[in-house]
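Heads up, the next two complexes both have subunit A, just with different partners, subunit B and then subunit C.
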Partner chain A sequence: MLLRNVLRDVNVVLIVILAFTLALIPLTGDRFYIYITSLFMVYSLFALSYNLLFGYAGLLSFGHAMFFATGAYVTALFTLKVFRDPLVGLIIGVMSAIPLALIVGFLSLRHTRVYFAILTLAFGMLIYAVLVKWRSVTGGTDGLVGIPKRGVILDISSPQAYYYFILVFFIIAVLSLYIFIKSRWGLMIRALGANEDRLPFTGHSVLTIRLYTFTASGLIAALSGSLYSILMGVVTPDIAYWTFSAEPLVMTLLGGSTYYMGPVLGAFIFITLTTMLARFAEYWLLLLGLAIIAVVVGFRGGVSGVLVLAVERLMRSVEARGVWRSLGLKT
Partner chain B sequence: MYTIGIHPLPKLITGVWYVSLENFLAQSLIGLYKGSFYWLLAVGLTLIFGVTRIINFAHASFFVLGGYLMFTSYTYTGSFVLSLVVSMIVTGLVGVFFEILLIRRIYRVNPIYQLLLTFGIALVVNEFQKIIWGKFPKYVDIPEYMRGGIMIGDVGISYYVLTIIGLGFLILILVHFIINTSLWGLKVRTVWRDNVVAQVLGINPNAVYTSVFFLGTALAGLGGALMVALHPVGPGLGDHLIVYAFIVVVIAGLGNIMGAFIVSILIGVISSLAAWLAPEVDILIVYSIAALVLLLKPEGLFGER
Partner chain C sequence: MEILRVENLSRSFGGFKAVDNVSFSLKELEITALIGPNGAGKTTLVNLITKKLKPDSGRIIFQGMDVTGLSAHKIAKLGIVRTFQVLSLFPTLTVYENLKIPALTSRTPDEDIEKIMVDLGIERFKDAKVAKLPFGIQKLVELGIALALKPKLLILDEPAAGLAQEDRRNLTKILGDMGRRITLMVIEHDMEFVFGLAERVMVMDKGRIIASGRPEEIAKNKLVREIYLGEE
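And then the complex of A and B:
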């Protein structure tokens, strides 16, 4: 019975379908597709972590790149200077987000809305400034080069091996984030996003809930950053600049912030557009700007919202014609 | 050289750096100039927020647009002052275009969506600048009658820089008087205090919002047009400047015009002195000040209006 309930959940079905599709991609053997899909998974995680803040908790952050960059830089530094292994580096990189999220979260989450947005912007730029200025450790604007894929414990130097490495973490993260959102905590986060004045009436601390959400979000963002640094083999401070924080925001908005899988769809659209349009035109940011304007003014649900609307309309017209009943599928 | 008649401190050679009164004064003057830069950048932003409650993410893009327009119109007309006026008015009109077309729809929604919409506008404005003026930085020359300057110690400061400092003060006084003494300013204050009462009195709030948007973006355009003689404008500059504009406006308290002026000057002087005494940490200082102020006094140093 439980399994049937789980399978009735459209998001679980989508995650399973996505996982199988992604698992089949390397069989094409095309290095370009493998690379682009790896990048898609990394960006999806980044956008999903962002949507936990934006779509569920109602917090607009312009400094989310600080977690991505911290994950990437800590992984890079650890594998280059301490212990040469991607898996250990990844774990250390992800863990590094916890203290950062707790400190930044504790300091900035007391303020909401616009002040939170600008405070995260200031903290994000502080991290950027440190990465640029602390030359001896971070390599300044040149960044760090030669992050290894072949380590002491794990060797993932072939594109396929690394692809599956990312895929495993992708599925773990997507599922655990979904369980988190479906849990009691997730319910409180959504309640907080819906009405922050009334939640304290239930006896819960707003700051604690926000802090947990912020940390969970930072963990996933750091995971995507760590995966990114190993994928690229190079990290530069650009990934800490505030415009990089705007990318998951754009993906989330495009895909639809009110749906769990919206950011994944957004990341897919984003990656497809950037790889396709970058060859034809260098002004694709113009399209992104217009897309954001269209989403804010017209379709708050993003592309997912439009799709859901279309499917609902289709279902209704199918139902009106009595197709289900004639097939005996619906009583 | 004792240029301005103040007896210098004995030049201390401490092994780390040497500080003289002349250098200190010169750096402070450069700081004043930097502060005027921030002020010109932030005045329109804080004015627009004060009245319409919109945080305009596209503000720095309008500032940069003013610089580009200055470049084009100075190239064609050859008159510096005329070009300033032209770029100011055209930037204001572009701002009004976006206000009427888009921003007017979102005065009553969640501030998060207002920030997002203006972020979209910023991307669009930035990209149009790239399409029209290309990828390479553009600048204009300082007009000939302002090429000279004064020497303080071994630092030269041009008359143009001094003019900008003066214009910063002038704009503060003008904005203050327009808001506080003119009939239009009275309307603006009425709408700001109580939108419904203003409508009862026969004031059209949309017209007031549009005119405030015109003034705010025109001031951004003027600032950009003045600055393009000293700092070339190019792609990505708007992204860089909006952070400073936000920091100034938020530290001062959103919508507080006098506060924005004081904070601009303070940040300018502090960051200039910091860049002189400890060049490694100069960009860290501005962000650290911003984070510190927001933590201790989230409503800003001078309070929100």
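And then the complex of A and C:
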């Protein structure tokens, strides 16, 4: 009964299908596919974390890369200088987002949306400046290299091993975030996005809800950053630069911010196109610009919205032809 | 027994005194109507009590406690609950979710949410997105949100505005039943609606309360008839 209820949820079905599909990729034995799919999972988490803020809570941040970079750098520093293990480094990297989110959130979330966006940009650039200028610790513009995949506890040095390492965290995070959004906490976040002005008159503090949304979003972004540093083995300050904060926004808009799995689809399109069109960088930006204009002007649901609309139309047309009835599937 | 006392409440916008030194009190389980012409300051007064706006001066005492300095969400938690003149719902959420949000504050169980929906006659729209519902149903959802907070004092800002005649009659009955359990303060323009419901009427004009009394007294009040009904 429970299984039937869970499987009735289209997002859960999509996550299960995605998990099985992703689990098969290493069987190809192709290092390029393994690498690019790992990167897809990392970017998907980054985009999903961003959509919690943007799509659900209605908060536009221009500094989301600060969490990604903090997760990546803390994991790198911890594994290089304190304890050589990717798993412990990852946990410490993710946890580093909590104090950062609480401090930045407390200072910026009190303000109206435009000022919040500007303040997040300012804090993001502050983190970037620290990473560039504090050479003795961060390596400056050279960044940190040699982040270990082989540690005291865990050895994920083979492509298959680090791939499954990322996959496990990807699935846990995607499912956890979905359960969170469906929970009472998630309802408050959706209410915040739906009508922020009404919330105080239902007995809820807008600042508190914004703050835990910001922290939850920061945690997932830091997880994606930590996974990124382990995957790449190197981190440089450009992952804290403000333009990097725009990437999850682009993925979210492309995939569809009103659908839970929209950012994942957006990340897939983003990674595929950037990889395929890498040699035609100018054309890629032109195409990206046109795609964003099309999404913002005409297709607010992004590619997910277009797909859902197409499926609905197909279902209606099939139903109208009485195909279901003739097959005895629907009376 | 007194549930709310407002003492010398004032609020100005620039040089304009929207609420000017207003004092009154509400008795528990009494239905009080607040009437007055457009721009009299009725909604501003409600905004001050529920902390949508901060007062320039004055005090608000609720159940013997000074709540003047509290924020809007704390006022709502205490049980001073309001609805809005211009509907303010969570349009992308379902009817059930709209009621669940305040229910999380008041720890109202799901069975009670169901009962509120049944009492208001909106249970068949439970899983529908609020934005897609007709105006009359949305008005009831607004009321449902307020009820799910388990209010001690419910302030309704023009609950009948924009409703069809049949919906108004339905609403009068619902509010009449509600008035036996909750203290109600109703802001309304529709005199027929007000006199059919209220046990006490306060009349506001130019930011001040100019009269207060039983509906039949107010109906005969010469000053009220001059100012509110435009009679010479």
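Basically, the second predicted complex is superposed on the first by the 326 of 331 C-alpha atoms of A that agree within 3 Å, B and C clash if a C-alpha of one lies under 4 Å from a C-alpha of the other, contacts with A are read in each partner's own complex, and residues count from 1 in each chain.
Just so it is clear, contacts are C-beta pairs under 8 Å (C-beta built on N, C-alpha and C of every residue); 3 or more make two chains touch, one makes a residue touch a chain.
Since the structure is predicted, the reported quantities are computational estimates derived from the model, not experimental observations.
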Should A:197 be classified as contacting the first partner (subunit B), the second (subunit C), both, or neither? second
Determine, under the contact definition given at the top, whether A:121 touches first (subunit B), second (subunit C), both, or neither. first
What is the contact status of A:296 with respect to subunit B (first) and subunit C (second): first, second, both, or neither? first
Contacts of A:133 with subunit B and subunit C, given as first, second, both or neither: first
Touching partner for A:205 - first (subunit B), second (subunit C), both, neither: second
When the two structures are overlaid on chain A, which partner does A:187 contact: first (subunit B), second (subunit C), both, or neither? second
Between subunit B and subunit C, more residues of subunit A are touched by B
Where subunit B and subunit C land on the same part of subunit A: residues none
Would you mind writing out the residues of subunit B in touch with subunit A in their complex? 55, 102, 105-106, 111-113, 115-117, 119-124, 126-128, 130-131, 239, 243, 246-247, 250, 254, 280-281, 283-284, 287-288, 290-291, 294-295, 298
In the complex, the residues of subunit C that touch subunit A are 50-52, 71-73, 76-77, 81-82, 84, 88-93, 97, 100-102, 104-106, 145, 149
Which of the residues in subunit A end up touching subunit B in this complex? 58, 60, 107-108, 110-111, 113-115, 117-119, 121-123, 125-126, 129-130, 132-133, 241-243, 246, 249, 253, 282-283, 285-286, 288-293, 295-297, 300
So in the complex, the part of subunit A that touches subunit C is made up of which residues? 184, 187-188, 190-191, 193-195, 197-206
